[in-house]
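As written, the chain order gives the labels A, B, C and D, with residue 1 at the start of each chain.
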């Protein structure tokens, strides 16, 4: 089980505002990356917008035989990802990984959750 | 990372009624389209129903290196997509794109969310 | 855009009980089937359980260029699908179709929604 | 319809705390496995973490022509899966199966649900 080197998430949105205790109940947009290889994965995330140039790469390392749950909320370099704004993203890795996209929306008192496996290509 | 030229969303439904501030909390059915190419994507959406002929194409342009979150609620030409009615759709593009299907259902006080990557074929 | 002739939904569950007006708010487990062909699709659904023999086929026709949202709640022949019981299903069609699996869970006052494109094979 | 022998779920999380009657409303993280073969499937689940060695295999048998909804909450050997901790998992089977990943989050009064078909490879 290895995965793909290129992934795309066409849907992205960090809700503004949250209910409940931080950080586990904070509204967030996440890409979970699983690296089952015996070497580290060097991952580059690029963020696409509706009306301006793409931003990136955001660099993330997922160690060998580890998983990393990357919150778009926490990406800061080269610049924070804006809240309340539609975006999309691509994930490129130097070794095959498996990705999954999840959002917790806690803008209202009760949570809403979504997840999917993004589009992957070798 | 390019994608596919043909996509199909077998599930479609625009809920009637909403709670919360517009437009971000308005119940909506969305297809997010990511175009990572260096040329514009000319996209044609066709809507299928349970008991009448398909309607379309609805024409959408996704500029080069941009994403577009298309709300079925907002499609108007050749005709609006009816609310409270099951439908399905196909998305065809002249260049490869990546699609994701998302619904926000705010008919009740708290939101429900769903998302998936639709069926794609070259 | 045609699809696949064989699909499998490994997750199935019809919640017992509902809140809100029927039938749109009734808890339901659905497979949406899109037939973009110019001939009818003759579909056979088989339901698998944890502790007894599979049941089926349930026969469904999806007309040419139409979509059908099949509620497992409404399947009756050869026998109703039990509520509150985990199951799984396969969908086989004589022409290629596209499937999507959706659940509305309205056991509590507020809805929860899930959807995914099932596993497909030619 | 057979499936794949190897699957990966990049997202995993067992929420701490629940609302509503047990066990159907208990917060849970599930992998549903469908075995349509006429022989039993011997399945090995490995759990990956962000900061320590993978744990497993957890061994599960899915009988011929049966489905099994495996709650990560209930895995005990070689050790329980911790709650409130991000993880990921791989599922390997000696015969092809179909998997689906579902979470019920009942930490708040109203449920949130997510599901997806994980990444599969032969």
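Quick note on the criterion: contacts are C-beta pairs under 8 Å (C-beta built on N, C-alpha and C of every residue); 3 or more make two chains touch, one makes a residue touch a chain.
Bear in mind that the values here come from a model prediction, so they are computed numbers and not experimental data.
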item	value
Same-site or different-site touching of chain C by its copy chain D, using the half cut	different
Copy-to-copy rotation for chain B and chain C - C-alpha atoms, rounded to a multiple of 5°	90
Rounded Å distance between chain A and chain B, as computed from the means of their C-alpha atoms	21
Chain B and chain D: spacing of chain centres that average the CA atoms, whole Å	30
Contacts with 2+ other chains: residues of chain A	109-110, 112-117
Residue ranges of chain A touching chain D (in the complex, touch as defined)	1-4, 20, 24-25, 30, 32-34, 36, 65-69, 97-100, 102, 104, 109-117, 120
Touch list for chain C against partner chain D, complex	6-12, 48-51, 53-54, 84, 86-88, 90, 92, 101, 103, 105, 107-110, 112-119, 121
